[in-house]
Amino acid sequence: MDHRPMAWGRPRDDVYGAYDASYVRPNDPTQHTQQPIVTGTSVLAIKFKEGVVIAADNLASYGSLARFTDVKRLRTFAGTSVVGFGGDVSDMQYINRHLTDLTLSENYSSPDEPRLSAANLHRYLSKLMYKRRSKFDPLWNHILVAGLDDEGAPFLAATDLLGTTYSAPSLATGYGSMLAQPIMRRHAPDEESAAQLSQEAAIEVIRESMKVLFYRDARSMDRYSIAVITKDGVDLKEDEQLEGQSWAFADRIKGYGTQTV
Amino acid sequence: MAAMFSQNPLMNGAHYATTDAPKTNDYREHRFYPYTDNGGTTLAISGADFTVMAGDTRHTSGYSINSRTEPKLFKIGGTTADQHDATIVLSVCGFAADGNALRDQLDTICKIYRYRHGKAMSANACAKRLSTILYGKRFFPYYVHAMLGGIDEEGKGVVYSYDPVGSYERETCRAGGAGGSLIMPFLDNQVNFKNQYAPGSGVGHDLQERERRPLLLDEVETLVKDAFDGAAERHIEVGDSLQMFILTKDGIEEKILPLKKD
Amino acid sequence: MFRNNYDNDSVTFSPQGRIFQIEYAAEAVKQGSVVVGIASKTHVVLCAIKRNAEELSSYQKKLFTVDEHVGLAIAGLTSDARVLSNFMKHQCLGHRLTYGRAMPVSSLVDLIGEKAQTNTQMYGKRPYGVGLLVAGVDEKGTHLFEFQPSGMTEEMVAFAIGARSQMARTYLERNLDKFENASREELIQHGLKALKESLVQDKELTVENTSVGVAGAQTEGKKGIEPFKLYDGFDVQEWIESVADGPGAGDEAEGEGMDVDN
C-alpha cells in the first residue's frame, strides 16, 4: 500500500495499473517570463504646442528574424490617449486586453464621457508594471503613454518592466533612446521649447527619427504607425511608409564584421 | 535574446535589468533582476529653525538620461493631493520606482493618520513610521536612500536619514545617492567644521577645534548649491536642475536652480 | 402590538412583499438628528444638527471628511456610519494611488450601495442603521447623493434626512429654483434655514449644535477644486446670525410647514 501523500485518493496501482499523471496538474514550480521572445523595437514620442506625436514601426521580431511585419504597437485608449509598446509582444497583447477591460468598466460607470486622462492611465499602467515586477513576474515592456493630462496640457510619460516612470518633452524606448532621443532633444530640449513646437514640425522630427532608426537599428522596419493626439482626439495612421530614404551613406561605412578595408 | 531589448548594450551589471551571470562553463543562469539604479543625489541640512532638503532632477538608466526634470523630493502629509499645506519632505535616491512606491505608502499613512486623529503627523512620528515601512520589506527591500526633513515639536529643523532596510538616525546633515560620497566630506568640513582649527592655536594636541555654531539659512543655501555644482562636475549621474525645499514654521518654499546639463 | 412573523431576519419577504428589517433600519435613520444637503452649480453644502445625550456630554459628530473632494453627513447609528466612512476613505485613497485622481463621487456611492445591499440578502446580516448624504465634487461638477440602509442611492439637488426632516424638505422644495445659481454663502444660508425648519419649538441653532461642510467645484479661471471643509463652533457663528429670526427667514414656508408634522 502506498501511503505517500501524492498517492492519496488515487486508484491503486496494483489494481488499476499505473496512474496516468498527465491528467493532474504537474507539481513543477510556476514559471515567469525570464526574457522577451517576440519583440517590438523602439517607440518614439515628442510633445508640441497642442499635443503629442507618437510613433512605432509595425515589426515584431523573433530574435533576429523579422517574424511579423504587420503588428500594430500603438493603441488608442478612450479616444483621448495613445499607448506605445516596446518589448515583448505577447505581454503587449496581455496589457491590451487588460486596457480593453478597463475601458469597458470605465464606460459602464461613466458612460457619457471618457474620464481617465493619459496621466491617470500612465499612473495605472506604472502601478501594474511595478506590481508585476514585485511579484518577480514582469511584463517585459517599455511603454510610452501620450495624451493630455487632467488640465488639458500635453502629457507624455514612460514606464518600464521594473515600474520605473519618467516624463520628458521627448521620450524614446530601446535603441531609440540612443539614436532618436538626441535628435528629438535638439528640437525640444525643455518644456518651454516643446510648447513652441508646431504640430507639423513635431511630426517631421518624428518621421526623421524613424528614418534614422531604420538606417541603424537592425530590428526595425520602414512601415510604421504614427499618432497625433490633441484636444480634438487621436489621429492614428497605422500603415505609413518611410519616405525619402537614402542609403548613400552605407557605402562609406567601414570597419564592421569581416570587412577590414 | 534579451540584449535586443536593452537600455544600453554597453552596460551590464546593476544598471541593467537582466544579469548574465556565468555560473559554470556549462550553464548560464539568466534571471530577472528587479532593481535598477536611476542615479541622482540628495542632500539635507537642518538648521536652528529651518531644514533644507535638496536633490537634483536628473533621472538616468546606465549612460542614458531619461529625464532632466524628474523630482526626487516629495512633500508628504498635506490635506490635499497638491500638498500645499504639507510640513514634511521625503527625499528618495536610488531605484526610482521603489522611491515612488515608498512615497505613496508614507503619504497614504499620513492621510489616514490625519483622518483618524484630526491632526497632522509630527516629524518624529513620521520618521519612526518610515523606518517601520522600510523594515517591513527587509527581505525584498526598497532599494533607496531615504531622508525625511521637517520641523520638530520645539520648532527646530530635523533631518532623518535611512538605509534601505530602515536603520535611521537624526542628523544635522546628510548627502545620499550617487554623489553622496562626494558631498559628505565637504559637509563634514563646512557644516560640522571638521578639521577646522582656531588659527594659531598650536600643533598636535594643542590644536583648538573651531567652535561649532548653527548655520544661517542663506549660508546653507550657498553650501547646497556649491555641493551640487561639485557633484555635477565629477559625477555623470548628477546634473540638470537642483530642486530645493526650504522648510520653516511658515511652510515649505521651493527653489529650482540650474545645474550643468552635460 | 400584533406579532409580526416576517421580521426576524433581513432576508425574508412578508406576503405583502415587504422586508421589515430593512424598514426598521430606515426607522433608525429617522431617529437621528436632521442633516441637510444642497448642491448648486459651483458648490455643495452639508448642514447638520448635532445632539448631546445629556447636558454634560459632548455633541455627537455628524459630518465626516472622506477625502479632499468628498464629505458626508449621517443620520442614524454613528458607529455604523463610521464603518461606512472608513470604507469610503480607503476606497478614495486606493483610487488616488492607482489612478492618480479623485474618485468619481457616483462610483464611490455605488460601492457603499452595493455593500449595504449585500447585508439585506444574506442570512445573519443586519442592514446598516444609518442614512447618509454624500456631498462631493469631481470633474463633472458638484454632486449630492442620498444613501439609505436598503442600499438605495440617488442623486439629489437638495435633500434632508433624519428626525423631522420633512419640514426641511418642504423648505427645500419651496426654494428649489434658487439653488442652481446660488452663491456659496447663499447655499449655506439655505441649508441652515432648512435646518431651522426642522427644529422643535424651543430649540435654536447654536455654535455648539451646528455643523457645516462645504466643497466647491473647479470653475473657470480657478485651478483645482475647493476641498471639502468642515466648520464647527465659532466658525459657523456668522452664518447662524445671518439666518437668525427676522424678516425673510423662511417665513413663506411657515404657514403650511406646520401642518406637515403629524
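All chains are identified by letter, namely A, B and C, in their written order; residue positions are counted from 1 within each chain.
To be clear about the criterion, a contact is a pair of C-beta atoms (placed from the backbone, for glycine too) under 8 Å apart; a residue touches a chain by one contact, two chains touch by 3 or more.
A quick map from chain label to UniProt name: A = Proteasome subunit beta; C = Proteasome subunit alpha type.
This is a predicted model, so every value here is computed, not measured.
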> Should the pattern of chain-chain touching be classed as line, ring, star, complete or other?
Replying inline: complete
> If you tally contacting C-beta pairs, which pair wins, A-C or B-C?
Replying inline: A-C
> Per the centroid of Cα atoms for each chain, what is the distance between chain A and chain B, given in Å?
Replying inline: 31
> Measuring from the mean C-alpha position of chain A to the mean C-alpha position of chain C, what distance in angstrom results?
Replying inline: 47
> So, what's the distance in Å between the C-alpha centres of chain C and chain B?
Replying inline: 45
> Which chain C residues sit where two or more other chains touch them?
Replying inline: 97
>> Quick check: in the complex, which residue numbers of chain A touch chain C?
In response: 109-110, 115-117, 119-120, 123-124, 127, 150-151
> Of all residues in chain C, which touch chain A in the complex?
Replying inline: 97-101, 104, 106-107, 110, 139-140, 223
> Of all residues in chain A, which touch chain B in the complex?
Replying inline: 32-37, 39, 41, 61, 63-64, 86-88, 126, 130, 133-134, 136, 138, 140, 142, 158, 160-168, 171, 174, 177-178, 181, 190-191, 219
> What part of chain B is in contact with chain A in the complex they form?
Replying inline: 1-2, 4-8, 17-18, 30-32, 34-36, 38, 59, 61, 64, 66-70, 95-97, 100-101, 140
> What does chain B use to touch chain C in their complex?
Replying inline: 79-82, 104, 108, 111-112, 115
